[in-house]
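Just passing along the structure, written as structure tokens.
Residue numbering begins at 1 within each chain, and the chains themselves are lettered A, B, C and D in the order written.
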Amino acid sequence: MIIVMEPKTDEQNIQRVVKYLENKGFKAVLNHGDVMVVIAAIGDKRLIQPEAINSLEGVREVKIIQEPYKLASREGSLHDSVYTFPNGVKIGGLERPVLMVGPCSVEKDFQGLMDVAAAAKEMGCQFLRGGAFKPRTSPYDFQGLEEVALKYLRKAGDATGLLVVTEVMDTLDIPLVSDYADVIQVGARNMQNFKLLKALGKSNKPVLLKRGASATIREFLLAAEYILSNGNEKVILCERGIKSFDSSFTRNTLDLASIPVIKKLSHLPIIVDPSHATGRRYLIEPMSKAALIAGAHGIMMEVHHDPDNASSDGAQSLSIEQFRQVCKNLNKLIGRIEYDNKLQKELVKN
Amino acid sequence: MIIVMEPKTDEQNIQRVVKYLENKGFKAVLNHGDVMVVIAAIGDKRLIQPEAINSLEGVREVKIIQEPYKLASREGSLHDSVYTFPNGVKIGGLERPVLMVGPCSVEKDFQGLMDVAAAAKEMGCQFLRGGAFKPRTSPYDFQGLEEVALKYLRKAGDATGLLVVTEVMDTLDIPLVSDYADVIQVGARNMQNFKLLKALGKSNKPVLLKRGASATIREFLLAAEYILSNGNEKVILCERGIKSFDSSFTRNTLDLASIPVIKKLSHLPIIVDPSHATGRRYLIEPMSKAALIAGAHGIMMEVHHDPDNASSDGAQSLSIEQFRQVCKNLNKLIGRIEYDNKLQKELVKN
Amino acid sequence: MIIVMEPKTDEQNIQRVVKYLENKGFKAVLNHGDVMVVIAAIGDKRLIQPEAINSLEGVREVKIIQEPYKLASREGSLHDSVYTFPNGVKIGGLERPVLMVGPCSVEKDFQGLMDVAAAAKEMGCQFLRGGAFKPRTSPYDFQGLEEVALKYLRKAGDATGLLVVTEVMDTLDIPLVSDYADVIQVGARNMQNFKLLKALGKSNKPVLLKRGASATIREFLLAAEYILSNGNEKVILCERGIKSFDSSFTRNTLDLASIPVIKKLSHLPIIVDPSHATGRRYLIEPMSKAALIAGAHGIMMEVHHDPDNASSDGAQSLSIEQFRQVCKNLNKLIGRIEYDNKLQKELVKN
Amino acid sequence: MIIVMEPKTDEQNIQRVVKYLENKGFKAVLNHGDVMVVIAAIGDKRLIQPEAINSLEGVREVKIIQEPYKLASREGSLHDSVYTFPNGVKIGGLERPVLMVGPCSVEKDFQGLMDVAAAAKEMGCQFLRGGAFKPRTSPYDFQGLEEVALKYLRKAGDATGLLVVTEVMDTLDIPLVSDYADVIQVGARNMQNFKLLKALGKSNKPVLLKRGASATIREFLLAAEYILSNGNEKVILCERGIKSFDSSFTRNTLDLASIPVIKKLSHLPIIVDPSHATGRRYLIEPMSKAALIAGAHGIMMEVHHDPDNASSDGAQSLSIEQFRQVCKNLNKLIGRIEYDNKLQKELVKN
């Protein structure tokens, strides 16, 4: 931590900060500049509140040097984290990028879901996604079929061999969702629902954590740290667009540079959801390709058997036919990436 | 709802949209322009998903005309909502603006809390605020004293006659918090925790709903609608700063124009929290004054008996001495506002 | 400047940074932490490119400690800058806050402009504002009457005794505008038109510099520094709203906390333009009051003799009648502020 | 244009709007809804100020239906615009994506520039870029070598056969820059310097227009419209990152979805500048690949012969050696895109 003192602050203030730091077990190194004094505090940041120092007399600014998360950081794990599911599917590192496919909300028409799942399986996808509990901005919008939806998902997953991903919105629902899902999703709006994150940290299910619409990368990794530090080491990150000043033509702004940035900072797998990020069907293919080539470990996309009549997010869902075409194009790119990854694995080995 | 068709789309697509609308009980009025057709859909917006229409062939854009919330809107209540607490304190409308004062987190030192409460009471404040459950960005930061803190708050509230405001973070904790608090706060990070909002809608305690850091005004009022539409009509809104591209000198950007905007759109009381909005102690006084003169129904501010050693947010907390000075200045302004409000009440009566 | 090295970077990289700094005349102080080395570079920041250091091997981050502007900073001038115009009007410091009033664009109807000017004078305003060269987002919108408008403004200014403020958009037009205006305005879109800023630095007219819609406070003060460092010490800052994710109910987000922040960082006067910030007529009064009470040295607002037929920005312009009412209310507040300022002046003297 | 009236506004207000529209040559179609009246105004939007209508009594909101630019839109040109330079290089449409390479600023060391240019040519790039006039946030940063730099660029361009791209910051400098450059660049900070845009509209040189850091896509295309509507039909757009709330790890947020969005709205070529967008060297390769696969017509990137000692933006510049490696990888992808484009051209022909 670096503490910058106000120009011309008096010696007494400086000594007060030094004492404060030493009391907390820090070593304080003073740098007398021409204009101001800068104090380097050496020790474990997590033992201290930077704001507490900030409030001491004569302190201009406190700058954090070390990233505040630990288990989520590259220092937390030497190697990229790769999770292997019971059916052999892997996610992360140099494994083949995965595809998660399904409707925004699971609806009453089970056959529709089955049709999507069958097409997904046939096209080589690994996961079936679908909402049972739906976080909707308006209380008057469709809120999800809850347990019925979970049963449908499990049934369609078992029938096709796809793994099931679905969202949980409340700590109370974790046991129920865990009975049906292979991966539990935390939605963007709940990224800082810390009670939920802690409770999922006690779970043994992998957690797919979506980036909040206004979460910085640091806040995103700190949210992951909540899960990791409570004991669950299987966290999959998901970039799904951030809020910006322009939402005329896309719902959010997909922050694709976050993929290589997060891969540099963290060992956790990260996937991209172009459907929610853009809110536009025609952008799913180009943004999926861009995400994959930028290094994403997978893509989550919305596919519906009848988008015109979807309960939610029809405009950003692909029809099954459209999905087949998009997926065919993505599979070509995924094949090339898998090939390059294999070469790189060989290099690492030798 | 207005449906704008793509230029030169064929008649068939237009008829499909018309049929779709009519099936949902809407009346469709066509406007043939030189370049494109615009369809006005007349009916209850809440019966239809705009995205569903958006996904129909040939549709360029769907524009919502009516605000999507109802109970929170001016149409939902003819008069400004004013809530009266059992001790006679009122909030909203043309009542005297209120002050909510206390530490960010309640800490082990009960006497410290009592000192703050006593000063608050003496200066004419109405509410004691303090965190028992703390939503912290990092899992390594102080997470709150939970029930101990609730007991302290109640005790200090009872001793001074102040009403108690404290945050709940999880549906499971609502009964516990309700046992101690007069007002239940929903933090900015939970503004779209819809399960929590619904559960609070079933509660009979007034809810203080903070605006999410990236919530639009529309999303903010829709979050209030979740509580209102579940039966709890006592919602107090709180503006506490939004995220912007500049956080060098203030933590967030305080959106003060939201006060008159929301007062135009809604009948609900709205207060301002300049402590969280700016994160800087020296900004509390000018921003509180600005908020009050812009029409806020109250101010929530952080005061700590020993900010240098606060468990959280010391840099934005006033010491008791500073608070007395700030409050003295605010009270002058509040007195003038109360006087003007009385004149206005007389006018309305006559 | 603080240079944070990567954890476990080798000694050679550290020595390279030290050498680089010493070659540029800096003193380098090393702080060996448990995890990483932090180098404090002491010297004149302006002799070095932080990016250059950032690009050296093993450097994780370069943190600027001192604000990069100098003449605009509190270190640049001990006292608040107050400018006195030939007619005795003063702006800045503890002087009575000023009002700048007029139409967005000057139009063909000279009498309309005269009516606005006469009302402004009568209500105690000091400045007449109006656009001769208009920066419009669309090339098909009205672009301004240019020299004709300048003549009108001068004539109306002379007739009423108001000072004239008008915008210049291009270095080529500075001589022409200088012939007519008392204050030259730089619009938000030109805040980083550095050629224009430099040329105005050579002018002897006071410059009203508007904050860019996405300019940080630091960038804003650096833009002022361009003018100051080229020799013109009369810069008036103007906050006029920044872009945020929500523009449904206001055109921009008025950043009122920037007023006390900038007054802390800089000695320059700062005013607020609520008309452009909000784009809504009904918000001018509450936001003007909030700005004044937060410490603004003046308000610039749009008034038009016939807003329904204005060439630009009618929706945010007050009619003359509305203006009289708003101004009456503002004058009460200004009177109180003037009184408080006088007390403070006395205190400073004694 | 759609005019939404306030609920329960009286008939008189509605008739006033209708009359106003008809006076301006519009046809007004009324839709009487249950709650409010919506008026569809049919005619040429550019003849009217939406704000003017907005300011009429009883009007709640004016919604623009048609995009306000015309020449830049798909309606402005049936086919993708492709520009062919005298040396046969093409940009736009289904042509091979181009690469623009060079230092941020041209410096005194001509040989360094030549080394970059020679490497660029050898790797198959088409353009040499470099700054002669530098828009710098601080007046104390390097401001560019001006005409000397222009001469160097021309000389290096002629020696290698590369086309020269360089920025102009002021209308006064257009003739000078035109003497040396093949493409004139407008920087992000000048995107709404309308005088400059108009003057470039009279030029016969292709203009590379960078998106402003807080410009919406609509504002971006309107800026292009300024150039196009003044007679210059050769505009190349460039996405270079927008401001967001997170700048800890990247300078700006690269908005890659803007590529397919703009290609849908406009016929103009669009390239991407990952160097300025991210400000980080290691992000250039992944973001260039992502941009190309998302459909960009080219990439502009910063390469410096000695980044550690660059006058500006060293941290985001590739060394010549790094550039060769990155370019080798990009060329593979460009080859594949060229192949796919050829297939598509064949399809279009047949």
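Heads up, the rule we're going with is that a residue touches a chain if its C-beta (ideal position, glycine included) is under 8 Å from a C-beta of that chain, and two chains touch if they have at least 3 such contacts.
Here the structure is a predicted model, which is why all the values come from computation and not from measurement.
**Q** Look at the interfaces A-D and A-B and say which one is made up of more C-beta pairs in contact.
**A** Contact tally favours A-B.
**Q** Compare the CA centroid of chain D with every other chain's and tell me the farthest one.
**A** B
**Q** With chain centres taken as the means of their Cα atoms, state the distance from chain A to chain B in Å.
**A** Distance between chain centres: 27 Å.
**Q** Measuring from the mean C-alpha position of chain B to the mean C-alpha position of chain D, what distance in angstrom results?
**A** Each chain reduced to its C-alpha mean, chain B and chain D end up 40 Å apart.
**Q** For chain A and chain D, let me know how many angstrom lie between their CA-based centres, rounded off.
**A** 31
**Q** Residues of chain D touching 2+ other chains?
**A** 214, 243-245
**Q** Once bound in the complex, which stretches of chain D touch chain B?
**A** Going by the criterion above, the answer is residues 2, 4, 7, 29, 31-36, 38, 40, 42-43, 61, 63, 65-66, 75, 214, 243-245, 247.
**Q** Sort out for me which residues of chain D touch chain C in the complex.
**A** The touching residues are 20, 46, 49, 51-52, 54-56, 68-69, 133, 135-143, 169-173, 189-190, 192-196, 198, 212-214, 219, 222, 225-226, 229-230, 243, 281, 307-317.
**Q** Quick one: in the complex, what on chain C touches chain B?
**A** Going by the criterion above, the answer is residues 214, 216-218, 242, 244-246, 248-250, 253-257, 259-261, 264-265, 277-278, 282-283, 286-287, 289-291, 293-295, 333.
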